[in-house]
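Labels run A, B, C and D following the written order; every chain starts at residue 1.
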Amino acid sequence: MARLHPNGPRPTQITAGRIGLYAFLFIAALFFLLPLYTMVVTSLKTMSEIRLGQIFSLPQTLDFSAWATAWSGACMGTTCVGIRTGFWNSVAITVPSVALSVFVGAVNGYALSLWRPRWANVLFGLLMAGGLIPYQIFLYPMVRAMANVSLYNSLAGIILVHVIFGLPLVTLLFRNYFVSVPEELCKAARVDGAGFWRIFFEIMLPIAVPMVVVVSMLQFTGIWNDFLLGLVFAGRDNLPMTVQLNNIVNTTMGERNYNVNMAATILTAIVPLAIYFLSGRWFVRGIAAGAVKG
Amino acid sequence: MQSAVSIKDLKIAYGDHPVIEKMSIDIAPREFLVLLGPSGCGKSTLLNAIAGLQDITAGEIWISGKNVSWEEPKDRGIGMVFQSYALYPRMSIRKNLSFGLRVAGLPKTEIEARVARTAALLHLDKLLDRRPAELSGGQRQRVAIGRALVREVDVFLFDEPLSNLDAKLRNELRVEIKKLHQNLGNTMIYVTHDQVEALTLADRIAIMRDGVIQQLASPAEIYHRPANLFVAGFIGAPAMNFIEGRIERGDGRPVFVSKGLAVDLSGYCFQVATSDGPATLGFRPDHLVLDGAASGLPTIAGRISVVEPMGSEAVLWFDWAGQSLSLRLMGDVSLKPGDALAPGLDIRKASLFDADGSRL
Amino acid sequence: MKSMMKLLLTGAVFAGMFAPALADDKPTIEIMSSWTSGGEAAALDIIKTEFEKRGGVWKDSSIAGFGAADAAFQNRIVAGDPPGAKQGVIGLAAADFVGQGLFNPIDDVAAAGKWADALPKSIYDLISYDGKVYLAPTGAHGESWLFYSKEAFARAGIVEEPKTWDEFFAGLDKLKAAGIVPVAWGGQPWQQTKVFNMILLSQVGIDGFLKIYVDKDKSEASIEGIKKTLDIFGKLRGYVDDGAAGRNWNDATAMLITAKAGVQFMGDWAKGEFTVAGKEAGKDYGCMIVPESPGMVYIADSLWFPKTGDAGADKAQKLLAEVVMDPAIQVEFSLKKGSVPMRADVDKSKLDVCAQKGLELMTADNVVPDQAILLTPQQVGLLDDFVDEYWSGGSNDMASAAENFFAIFE
Amino acid sequence: MPIKRKPHLSATFALLPTWFVAVVVFIGTMAWSIRLSFTNSTLFPSSTYVGFTQYVKLFYSAKWLASLQNVLIFGVLYVAGCLLLGFLLAAALDRKIRFESAFRTIFLYPYAMSFVVTGLIWQWMLNPTLGIQASVRSLGWETFVLDWVVNRDMAIYALVLAGVWQGAGLVMVIALAGMRGIEAEQWKAARIDGIPVWRIYVSIILPQLGPALAAAGMLLAMGVIKTYDIVVAMTNGGPGNSTEVPAKFIMDNLFGRQNLGLATAGATVLVLGVITAVAPFRYAIYMRNRAKGAA
């Protein structure tokens, strides 16, 4: 074969490395997608088909009835209304919890890193230690305390609990973010006469938007997916979707409808999933903007 | 006359670690004071303390006849420019300029007028609606200066404002700042580690080291009559030449003696009475005369090692008694490395320091 | 933030003030149960319908999973805001609550309804603490059942229900030879413990069983019984499939329904799964008490009545206790739930073959209570640990295992 | 005259709620737990002190000991696995490939799923009679074995697998962000030096991502100690004690087994253990920062 005389742009080549790279990515994608695929196909099968035990096979006929049942017909105890009602409870719990905890976390991070009041390091250390305690152990005393201030079994109560348990993580993330903000910015604003809150709202919060996005998404996922705290603190009128999902999925002696379970599971996960699918790029951007650093 | 800024017995410490020890300075109205020193000397800390951004441990700070030691920065009547510009990234230039005024609750028309005025002064008119990220470094620093100007205060503080800029921009902005000072006539306190900035801008320079002012004087005084070895060595490029030796009074006239060199000191203007003892002779490269024999001055003979032509001038490095000395020449040079030379030393322009490094 | 918090707090307080005002006068009760799946919920609905018919207002707080429901219930008690009724087993599980004075007695209802006559004595004792009746029993589940797939038995050539463990294991071998999974094993601790108990009962008899669990008797006979039980229990390891560990009982039942497996040890609630799949007792699948067993282990559910400090709720609790013990309701409830009525004086005709067998044993008092009734919750947990450790540890050292067994009670 | 300008009151004030939470909730709960761990509390707190009895019981409990060992294995492998897979995925995505954003979304979406869902689905997938094993065998490979969930020796790795599936995406995003932040000139320099691509990632990029990966690791590690949901959903601690974890042990004893004393003893041991393990690190970082600050 005559060797080409190098001239002009170098021809692009498909190398073995390139093929290997794509092979790796496709295999990884398969690994990540397989569970979701399984859930979706199972939710579209009938129970008799599921009993055959071929979890990866496509459904013989598409049967959407499990979805309808999960959303509005599945029974929990003596009421059969599906997980529909829990959806709005989850929204009512998650949205204010996320907003409040992002706000408190941002203030904490800002105060701890840019103002460093007395004992700031001690407070931060305490928070980090608190973040390591398994939260099950908090239930008992927290329930007592919440009952004492009449917040037990209330929306405000469950929101407060989420904010408290979210504090270590959100504070850590915001603090690490604000540490990288030049101190001079804060000084300049003080010379301009702005106080603690003014600097926070007009200068620091706008800078921290990427971080707010990241923390919001992390918190949203965490709070939306929470089961135990919602079960214990929310009260029967505010039970989140996960508790209802558990009522459908988790049964000790009753029969299990796997198709309904899968449909209900996907329905419960659909909001955080949608958020990641739709605003994943903001999440990535937020992290790239220095949201998570050492 | 009342001082614009007055520091009285100021002490600043981080825990047990003192940064500034008992410092007092008076700065006159309209004065341009430069705080100069190597990094870590406490100059920025001092500036921050004046601004009210740094808590002080003891002492007082007065601005325009008012004790502001405990005041918030905004109440001290100061404007400040930072090294990193510290522009608010999410605000337009207009908002950046007007932020302090809005915080202070000034009427809208007044704010607009002031912003317009400042923008015109600093040629920022066309940039007002941009974000900081869309500006060049020089433009950003002009905005930062504008943010201080727009406050229309008596005292401006600059914290190494030009350090982040490239050499050309630095020169341009330096001139602008000087012009600004001449036109506005405010008091300015300017922190830098760049001696050229200090020498060109300052009315007075305070040279600091380890939290202590080494010399507070006009640029000329500091250049020509450094108060101690540290100041002498810190100011001037290339640095001052030093020769260690002794002062001896053989027949009543003081003579500096070192390695075969003997310089008659009768022309030197002693500040203090001296006795015999070890001393350091310092002289700037430009205080050597190339042709020593012709000038009738004491000569220091050596051989050229390096020639640095710089266009309008040149620096010659030559070896003398095992150390390298420098000499500055105006105009073109025809000398080459290896050539011998014996420049003359004008003792009236030289400096003498005692064993502790203090000027004699 | 502060004003926002304040707003939230006031909102919550207002909501709290107005909510109860909606349902006054009528006896209102909040029921916390773990009966959430089809049959269970339908059974609960029987009680609910009757309760509402008699003028009560029913607020459902169902939480699936006993662990989750227990956690929620205990936290409600801690908060001083208990529900009006909680579904739970009879016996020692409720003892601590009663001891702390947290439950209302329902003595007058029991006296008026002559519960002492209607219930087997052992049950009556287990719902009474210090001579007072506290719990209203809903129904009992037989737990010594061995279900088998008739199709699988036919394919393996097994014609008769095995009478002894030896016959049983011979049958299992036949199933294995026929390429069928012999035992559809549910490898979860609570299921395994139930199997252990049914075998234990078959080995030590009713008195021996009670001696061990009630008197914590550690005599030679008891130790020997435990060893024999462990022997049989351990043998079963050879007859289960790979997927047994962690398997839900209903998945195991599904293996019988599709004739992939031969037998399953389970409580009578498994019938519900067969029924849903359209299988009929006695025709498609068989139910028998495990070989050599003189009786049946049972678990009995009841309603607990915490003190709420609300007169309306007290009234409702009494009404609810009446409803639960109504003979007709007992049968209806059991039909839906697949359980056995508690009362001896009910109409048996509607019950299926299996339930009738169970009720016979019940009325003859040939039954022993499940460990959840006889042991404290700590001990129940340790027993689960013990059985699970023996099963999955694969050890055959019965002597030291028997030693460990008795350590549970220390 | 002592001069003490008032410290920044607003900042102190703004942190008051957090102080309240840290002191009352975190320290308060710990104090409460420690106190109860010395009592014989069962269903409700009691004030009969029994010394170290609960601790003795705790360390005689095979379940507890197994749970400590398991959480250690799980924690190390889970964090390491997430970091490794996350880094590899990020490096692959960094190679200017097509459909990058689609791949990125696919790798990240599991992070939106709860551990409960993750556990449930992987239990299915790894179950030998239902999941991957059965499907592969039905394709003809009769000896294929993937029975991690039900295998006593492998169950803990099944948890790791599910955990990595869920958490690797987060690391991938963080690492990718870090890679994009690395100066192009380093790539140019490395190309001129003729260094192979993989070598650049290992020797040049990886060290620079150190802090970012450490932060990601910290984020994941904070979750490890609380590992509960995934275990309950996937194996419920079994087979045997092979996947028992401390948080589950505590939860079980707190409610189901009505053994408050033992639960609080477990919690105390766990928290003190973690603090003694973490404190030296934090102290080292603190001292390093201080040294930096003073210089």
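The rule we apply is simple: a contact is a pair of C-beta atoms (placed from the backbone, for glycine too) under 8 Å apart; a residue touches a chain by one contact, two chains touch by 3 or more.
Remember, predicted model here, so these are calculated numbers, not experimental data.
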{"item": "Two chains sharing the most contacts, counting C-beta pairs only", "value": "A-D"}
{"item": "Chain whose average C-alpha position is farthest from chain D's own", "value": "B"}
{"item": "Whole-Å separation of chain centres (CA-atom averages), chain C against chain D", "value": "36"}
{"item": "Computed distance of Cα centres, chain D from chain A, in Å", "value": "15"}
{"item": "Geometric centre distance via CA averages, chain C-chain B, whole Å", "value": "88"}
{"item": "Per-residue multi-chain contacts in chain D, two or more chains", "value": "17, 129-130, 251, 254"}
{"item": "In chain C, residues with contacts to at least two other chains", "value": "1, 66, 71, 78"}
{"item": "Residues of chain C defined as touching chain D within the complex", "value": "1, 66-67, 70-71, 74, 78, 96-97, 100, 187-189, 241-247, 376-378, 380-381, 385, 388-389, 391-393"}
{"item": "Residue ranges of chain D touching chain C (in the complex, touch as defined)", "value": "17, 42-44, 62-63, 123, 127-130, 133, 147, 149-152, 155, 235-236, 238-242, 251-259, 262"}
{"item": "Chain B partner contacts - residues on chain A that touch it in the complex", "value": "182, 184-185, 187-194, 198, 202-203, 206-207, 209"}
{"item": "Chain B to chain A touching residues, read off their complex", "value": "48, 51-53, 72-75, 78-80, 82-84, 86-91, 99-100, 103-104, 144, 147-148, 151, 159"}
{"item": "Residue ranges of chain C touching chain A (in the complex, touch as defined)", "value": "1, 4-5, 8-9, 11-13, 15-16, 19, 30, 33-41, 44-45, 48, 58-66, 68, 71-72, 75-76, 78-81, 190, 248-251, 254, 257-258, 267, 269, 272-273, 276-277"}
